[in-house]
Structures are given as C-alpha cells and as structure tokens.
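Okay, so subunit A shows up in both of these, paired with subunit B first and subunit C after.
Showing the complex of A and B:
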C-alpha cells in the first residue's frame, strides 16, 4: 500500500510543511522543479544518487517510520537509516536467542531456510525446462544435494551444501540466458554483466527483507543460517536466501532475455562491470513490478503481493520462535 | 483505494489546505490531488480538512475508485506533475 521511492537523481530532500520535498539538482548544480512527496504514502527510500539532507529531515523520517537505504556508485549496499525500533518485545528477543544458542533448534530453522531456497531454485529451473531449455541434468544434481540437507549435522555442513547447490544453479544461468554467459559467480567486484546484475539484485532483495523484518518484532542481528554477530543484519541474509530465486533471478532472466537490458547498458572496466544508470532504472522498475504482483495465498485465501510474502515469512518465523506453529519455508506453489 | 480530491477554498485558507493535502496525496494541478490512500487515512485527512474549512463557504469533493486501474486518465496539454516513484 505505502510506496517505495527510488531516488536516482541527485538532489536535496527536505522537510517542508510536515511533508517531504525533493528538489532535483543537475550536474551544474542548478535546481529543478521541486516535487512534493506525500509523507503518509511512503514506506521507504532507496537512494542511488547523491542525496542532500539534514538531520531535521532524518528526525522527521524517523518519526514517520520511513527507512532510507543507501547504495554507493558501484551499487553496493552501504547501509540504511532505520527508524527507532517501535515493536520492541523482550519475549521475542529471548525466544530468538534461545533458538540460536540451542544447536538442534538452530539447525532446524537453518535447514528450513536452505530447503525453501532450494525448492524455489528447482522451481525456477523447472519453469525454464518447460520452456525448452535443457536443464534436466542440473535439476537432478540439485535434487541430489537436496536430500543431503536433512542429514546435515553442523551449520557449516549446511552452508556447504547450500554453496554446492548455488554453484550448480549458477551454471544453469548460462543455459537460461540467451545472449549472456555467467561463467560462474564472481563478486567484489563482479567480472561480467550477469554477475553485476546478480550482485545488484541480491542487494535489493537484502534491503527489502531488512525493511520487512523491521516491521515485525524480530531482531535482525540474530540469524540462524548465517553466522550472526559480525557484519550487517544477518537475519535479512537468511530470509533473502529464500526469496532470491523468485524475486531477483526471475527478474534478471526477464530483463536480459527480453533485451530490456543490453550489453550497452553496462560499464565494462578492467576488472569489474558496473550497471549504467539506464540499466539500474530498468532493473529496479521490473523488480518493483514483480514485488507488487499478487498471487492467491492458499491458506490466507486472499491475494497477497510478493512484497507482503516477505513479511508473512517473518510472521511465520515469529510463530515458530514462540513455539506456536512450526516454521515452514515459503515455497512457490504455482 | 485511489482517490481524486478537488477543493474550492476561500483565499485565506487555501494555503493551509494545500499543505495538508500534500501530506497525503500527490498534487497534480491547482486545487487537484490524486493518489493511493487507505480509508482510514482519508478519514483522517477529511477530519483535519474540516478544521481548516469554513463549512458554509468551502467545499471539497473526493472521487473514489477502487484502484488506479479502474480509472482512465487522459491529459490534454501540459502534464504539470508526472506521478512516479522513480525520482
């Protein structure tokens, strides 16, 4: 319902008359026509261009529960401005802690994350299999790994299986994509066009999950599959794992195979490939369309958007932690 | 819910009304706003608008539609404010 705004142009955001005013600024520093953004209809901002703002604005955004996610020139996620936690719940934190520190409990949750992710990966491959791409061999390999998930006794083993699955999955990219090749995953920096898109897409998915976790009582720093404690909000990484195949990868296949993003939309440098502004805009727009797409939810018996699915996932996890209902990962059922 | 809101307000109070509406909806033309809004937020807006208005003189009309897709919008001449969430 509330909208996500994407800021590509450089400009100044300010608080004006209790709402938001965005004044774009061009390369010569000349201010353009200001635009007013209805503050009641904003869920968060994704900031790709240079944003000018002062603390008065952030105080206001904090009060209105609006998050701002920042990305640097190379579209790496650099951080977020998060409003003060407003759904504090000690009980939830303690439950989360308990599930983390108990090895079997932690493993149960971690396993479901990997299961969910793998299921959605296979779903993707099956879809393209039905569209005439030869992926049967790869699906079989992944299914083989899938059986191992339930026997994993250590988190590291689980991560290993997950890594193997992803490696096989990424080789499938070469078959699915018509004009591009991936040649394995490379990051920091991505070495080719597909890798650049995957990195960018994963960051978008990650900040989406973080934003949704923030609207629940979960603590985003305590995670189960990824090791918590260092670097970033790792629970968002856990959740993103499940949603990456259906939200990010499908969008990548779409924009590349439909030639919405082409080779000329990338800035190829010696050791890295960066998306140009045009490519970024196309990707973000398609991603946003994907998020607002709705599907009929089977147990809720109503239509929900993909974005809302992420939040529902948080709720399911909450219920599991409070031992009300066993957590079942989201699996694309259509 | 997608709404179009138009107001006709006495000169003295019109500035206040503009500022209020900007918080909830997108300005598209003088005295005309449109946008996605929940029923509760719309009630809140109307309540706050009433406190600004002189009910005997001023008026606000809200056209409601279930969704933007049930609304055909045609612009003749210059579009004063293009609505987008990509800035």
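Showing the complex of A and C:
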C-alpha cells in the first residue's frame, strides 16, 4: 500500500539510484543522517518545510506518478507538482464538458454534491447530539435548508443554500468543542485557533481529492458546483465538500476535545492565528489515522479505507458522466 | 480503431470491460493482479529474449515468436479466463496469416501453474477471427456501455470497484 509522506523538516530530497534519499538540514545548515524512502511505497509528498531538490528528482517523481504538494509558512496551499496526466480519455473529457455546459445536467450533479455534504454534516451533529450536546435546534434549521436544495434552479442559489447550511453548522462548533470557540468562520487569515484548524484541514482534504482525481480519467478543472478552473482544480473542491465533515471536522473535534492540540500549539498574532509545528504534526497524524480507518462498503462488500472512498466517488462520477448509472453522493450510512 | 489482442481477449471475458477499455477508461494501473502478471512476464523465460523474435504487426504485439519452430508464445498468469487467452492467440495467428505467415501453432503458457495450452492453426480461424474483429467494433462504437455481468471473475477484475460501487 502506497503512503503519503509529510515533510516537516527542511532538507534535500534526491534520487539515489532507483530510490529516494532525504537528507535533513538543520537551521545552521548542518546535514543530518540521510533517510532512504523506497519509491514503490510513496503515493505523494506534502511539503511543509523548505525542500531542496533538482530536476532529476522531479523527472523521477513524474515517471513514478508521485505528486508533491507545497505549503507556505502559514500553511496555505501554494501549488502542486503533478506528474503528467497518464490516463487521458477523450470520451471522458467530452462527457464532462457536456454535463458542465448543459444547465440541467450541471445542476443535477451540483445538487447531489450539496446533498451529500449536508447529509454528512447532519450526521456529525447527530453524533454529538447523542453524546449529550444540545444541537437539536441547529439540526432542525439545517434540515429546513436541506429541503430547499431540490428546488434550486441556479448554481448561485445552490451555493447560497450551501453557505447558509455551513454558517449554521459552524455555530454548532461552539457547542461541540469543550474549550474552544469558533465565533463564526474567518479565512485569509483565520482569526482564531478553530478557524486555523478548519483552514488547514480543508486544504488537506482538497489536496487529497486532487490526488485521487489524478489517478482517474476525470479532468480536475471541469467542475459542477464550483465554477470551473477558477483559481484551483475546482473538481477537487466539489468532491471535498462531501468529505470535509467526515474527514476534517471530525478530526478537529477529536484533537481539540481530547486536548491533543491545545492553546499553546498555536501562534497567535495580531490579526491571524497559525498552527505551530506541534499542532500540524498532531493534526496530520490524526488525519492520516482517519484516512486509513476502514469500513465495510455496502455495495462492494469489501473493507475500504476512508481515503479510498474518495476514489470510489470518482468512479461513481465517471459512471454518471458516461451515463451508465446515476450518481449518488457518499453518505456516511452507519 | 484498430483491434488489438487485448480487445479480442476482453470480448471473450466481458463486453463491458471491452467498452470501457476501448473508450479510455483503463483500470490496469490500479490492479495488483495486473502488476503481478507484468512481473511474471518480466521474470520468466528470460533466455528467450535472445532466441525469439518480438513481433509488432497491425496493432498486435507478440512477445515471443519462435521463428525456427513456427510457434507463437503467450505467457499468462492464471488460467481463470482461459477461453479469452486462446481467443487472443487465435487472433494473433489470424493476423499473421493475413500477412503471409501462415500455418503456425501457438502456445499459451502459465509458468506459475506449470501448464501450457496448444492452439493449432485451422482455416476456420480466418472466418471466426474476422467475425470477432467486427464484434469488437460494434461494441466499442456503441453509445452505451454494456451492463455488468455479475460473474465470478468480476471479483478479481480491475474494474470490480468501478462496476459495483453504488452510493
């Protein structure tokens, strides 16, 4: 099974024969003990520290279909090195285009994304409701919005409903979390600890979706809910909507309520809050644990990991676009 | 579109697989079974590379052609879809015959099972194989994808998850 590697330390990655060598470098420029990473076991790299590398390495990574995602000091996603597309399918591209440019077809897909996301949001709230948090009122409001989804006749309306749902959902964070408050969503920059974690987590989810899309025939720039090709690989944003509640938010609730990440793990500045290295490491570890958790898939009758669910979502979308089967979004059914 | 040995093999395994594959929806890169098959091809009969010829003609690719004994060799991992394997080599014989190299024999080898299957030339192959060729074109050019076949082989197919995932 191929693994995601997270590079927090600064250092130099190089090709050594047919495998990878990582030499950490400390603040004084002193090289540490090199670590060898067998290339067969790598699915992708997430690079948070300063990475030194040359084109020979990227040629090698490209050939091995290994992506590198980069993040700046403030943990913003800044871009990816994506290997050359290796699964080109003209028929698929055309089908994706057709579903995008036909308003009814586009709305159908966009609606299911919002439906899936909302279902998983409510699932989270119900879970905490059953654990003694009073969320019944918020669940009711969200269910009210949920009914409107099917009547949305424009993408903007749909985005509006989705925004309303998220707003209510985020107020629930203040009830779910024991020692932290969110006080509404703030981005660029996040104004408190919870917002910093949400931004970081959402970006991890986005990169995960992008990575999985790359291993299918879908074109990551043609999206349905989000406007295509706008700033990002927007199909990854579409898919991330469905998975954020179960992959990101649940991890946030866990690390904060179990005090695995505490106030001291954040760097609080005048108008922004940034995760310290300790917080990032804990979050990433817990996120990875979540991704490798498995569930018995109902229709496949097989155990699949949460990470793999993202790929299965791509398959379902593929079938919908090729008009083989109607797309049903992933809904946490247990 | 040119018909290849893979198309003929898939025609005999699963028409849905044939349609998806021919329309660019490949799944081989996700499959450990395929990777294992590739490994077997790369690691068995290494001495053959010197003695035998590699043939590429009209879209088909034959790894081992023993020109001296006039035998086409095809190496496979398991005999799970044996009929598809023999169909594939019959198609090879047909293409070679069309190009003036006729009355060959073919052998499907399963090094892991230590088994082999002989296929002899007969004139009927000309008819049968050209019909397969037409069948492939009809399926591939059809607008809609054929349904799932719900067979035992589905479980080990690289398309299993694509075909059976729902919700």
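Note that in this section the second predicted complex is superposed on the first by the 334 of 334 C-alpha atoms of A that agree within 3 Å, B and C clash if a C-alpha of one lies under 4 Å from a C-alpha of the other, contacts with A are read in each partner's own complex, and residues count from 1 in each chain.
One rule holds in what follows: a residue touches a chain if its C-beta (ideal position, glycine included) is under 8 Å from a C-beta of that chain, and two chains touch if they have at least 3 such contacts.
Worth saying up front: this structure is predicted, and the values here are computed from it rather than measured.
Novice: Once the shared chain is lined up, is A:25 touching subunit B (first), subunit C (second), both, or neither of them?
Specialist: In the superposed model, A:25 contacts neither subunit B nor subunit C.
Novice: Let me test your reading of the model: by the given contact rule, A:35 touches which partner, first (subunit B), second (subunit C), both or neither?
Specialist: first
Novice: Taking the superposition on A as described, I'd like to know which of subunit B and subunit C A:215 touches: first, second, both or neither.
Specialist: Once the two structures are laid over each other on A, A:215 reaches subunit C alone.
Novice: Looking at the overlay, does A:7 come into contact with subunit B only (first), subunit C only (second), both, or neither?
Specialist: A:7 sits against subunit B, while subunit C stays out of touch.
Novice: Answer with first, second, both or neither: which of subunit B and subunit C does A:328 touch in the superposed model?
Specialist: Once the two structures are laid over each other on A, A:328 reaches subunit C alone.
Novice: After the superposition on A, what does A:319 contact: first (subunit B), second (subunit C), both or neither?
Specialist: second
Novice: One more residue to check, A:299. First (subunit B), second (subunit C), both or neither?
Specialist: The second partner, subunit C, only.
Novice: Over in the complex, which subunit C residues touch subunit A? Could you list them?
Specialist: 23-26, 29-30, 144-145, 160-162, 164-167
Novice: Help me check something: in the complex, which residues belonging to subunit A touch subunit C?
Specialist: Interface residues on the subunit A side: 86-92, 215, 217, 297-300, 311-312, 315-316, 318-319, 322-325, 328, 330-331, 333.
Novice: Can you check the complex and tell me which residues of subunit B touch subunit A?
Specialist: Result: residues 19, 22-27, 35-38, 41, 81, 85-87 of subunit B touch subunit A.
Novice: List the residues on subunit A that touch subunit B in their complex, please.
Specialist: Of all residues in subunit A, those touching subunit B are 1, 3-9, 11, 17-19, 22, 24, 35-41, 281, 284-285, 288.
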